[in-house]
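Chain naming follows the written order as A, B, C and D, and within any one chain the residues start at number 1.
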Amino acid sequence: VSTPQPPFFTYTRRVQFAETDLAGIVHFSMFFRYLEEAEHAMWRAAGIKIAGDPNGYHWPRVGATCDFKRALRFEDEFEVRIRVAQMRSRTIHYACDVVCNGAVAATGTMTSACVRLVNDRMTATEIPEYVKAALTRVTAA
Amino acid sequence: VSTPQPPFFTYTRRVQFAETDLAGIVHFSMFFRYLEEAEHAMWRAAGIKIAGDPNGYHWPRVGATCDFKRALRFEDEFEVRIRVAQMRSRTIHYACDVVCNGAVAATGTMTSACVRLVNDRMTATEIPEYVKAALTRVTAA
Amino acid sequence: VSTPQPPFFTYTRRVQFAETDLAGIVHFSMFFRYLEEAEHAMWRAAGIKIAGDPNGYHWPRVGATCDFKRALRFEDEFEVRIRVAQMRSRTIHYACDVVCNGAVAATGTMTSACVRLVNDRMTATEIPEYVKAALTRVTAA
Amino acid sequence: VSTPQPPFFTYTRRVQFAETDLAGIVHFSMFFRYLEEAEHAMWRAAGIKIAGDPNGYHWPRVGATCDFKRALRFEDEFEVRIRVAQMRSRTIHYACDVVCNGAVAATGTMTSACVRLVNDRMTATEIPEYVKAALTRVTAA
């Protein structure tokens, strides 16, 4: 797993009560939601739409990973630092660090495919240039 | 709040780890999901579809309440006992008991409206007879 | 249901993707999490702790209700306006409005009890004065 | 990612409404909850406790991955097939297949560490023999 170096996009968030479990820490599945929230905040900042795109693109998840290093607890404020680690013709691969109090709590990745509905079936397609340009712009220093 | 008397429909479930919070008990918002799971199990048992109905009916929630009496904990097995407390022309009102180890853990209600899309807008409409009949049948005896 | 009038505390939030369901709108159970997030933000602003209180107080939920008036959708930004509608000796009753684009999307209530662990059992107890004072202060104009 | 071959443990589940998102399919973060539910069902079947162990062992997650191949939809019934892919002295590595209608919907892994609280700090420790024996037994043909 490669960890984000600048440039990256930063999303700030606070741990909510319902996100913890009986072990007193954030449930591991929540980290994947934090990564996604960061991705969507990055898309909004880039001026592009991950859902409801007028050109009919969809971005289903094809893979996700996370390594957990330190627990997050109720009311912790943390950052997700996200960058596009690899832009292929039909998939985007994100690398993320979850950082709390100066330490990396988790390192994660997500991979999404670019698809369009053709005869009601999701069909892999080329990532449009305006998406590539917008994501490059938003993570530039 | 009226509590379910027979006839009712029974849905059985076990508490999952991620449904607990740092207090070591099931988060209160999860009870609403348990009530809904019971409702949907009842609809399946009744042979009707709450989503993807071929006649275009939708059932948005218009209200929900829950009173919490005893905590549920990880791995507890419990029942949701659900019945149609009131069937109006355009709304269904459910009453539910969540029962664990012979004691009522929570008492809840949910109210849903019957709507159809008319010119892309949700419009309240009469509950069709086949839905009324199916829900009556499944909670009888 | 009484609706919040000033003074109230305002919590601002954006709808996240995972909070929607196949109907394309926020799942009704999420509204209860939004109400709780507002409550906890109010406690933080008031300088008091709803979890990890050094004096050993806990605040289990004894009831919650919500009426749903308008759907919330992905990326909607909304406010939860919360106030203490009734402070009894051992329970706090909150009233909330969820407001999006100037319209009330939902109206909810939550009631919590003040308890302390006595011999490992939750026992209802008087709400301490510093909590009452802090919550009054934070919602004052 | 290695995929489960017999012997494995099988956990059966149905997709619930609140687990879907606006794309009409199960949100990717839910798959990690499905894997965990399967793990916990396996531990129960093996007669061991993943939470509340009387010997004070805890099993924090150190990593998780998932590859998504086919969408799951509301009311789909599916199996999680889980096995211990690697048992090291202090970590357990699980491999899982999520199977629906005879096709693999997702392939995932989870890694947990064995820890004990020493002076209030989680400290990695050897996995006890009774856990190893129980997990071997439950996945044997």
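Of note:
As a convention for this text, contacts are C-beta pairs under 8 Å (C-beta built on N, C-alpha and C of every residue); 3 or more make two chains touch, one makes a residue touch a chain.
Here the structure is a predicted model, which is why all the values come from computation and not from measurement.
In this assembly, B is the chain whose CA centroid lies farthest from the centroid of chain A. Contact count check for A-B and A-D (C-beta pairs in contact): higher for A-D.
In whole angstrom, the spacing between the mean C-alpha positions of chain A and chain C is 29. If you average the CA atoms of chain A and of chain B, the two centres end up 34 Å from each other. Centroids built from CA atoms put chain D at 23 Å from chain A. In chain C, 17-18, 22, 25, 29, 33, 36, 51, 74 are the positions where the chain touches two or more neighbouring chains simultaneously.
Contacts from chain D toward chain B in the complex involve residues 16-18, 33, 36-37, 40, 44, 50-52, 74-75. Touching chain B in their complex are the following residues of chain A: 17-18, 20-22, 24-25, 27, 29, 73-74.
Those residues of chain C whose C-beta lies close enough to touch chain B in the complex are 22-23, 25, 28-30, 32-33, 36, 51, 58, 60-68, 71.
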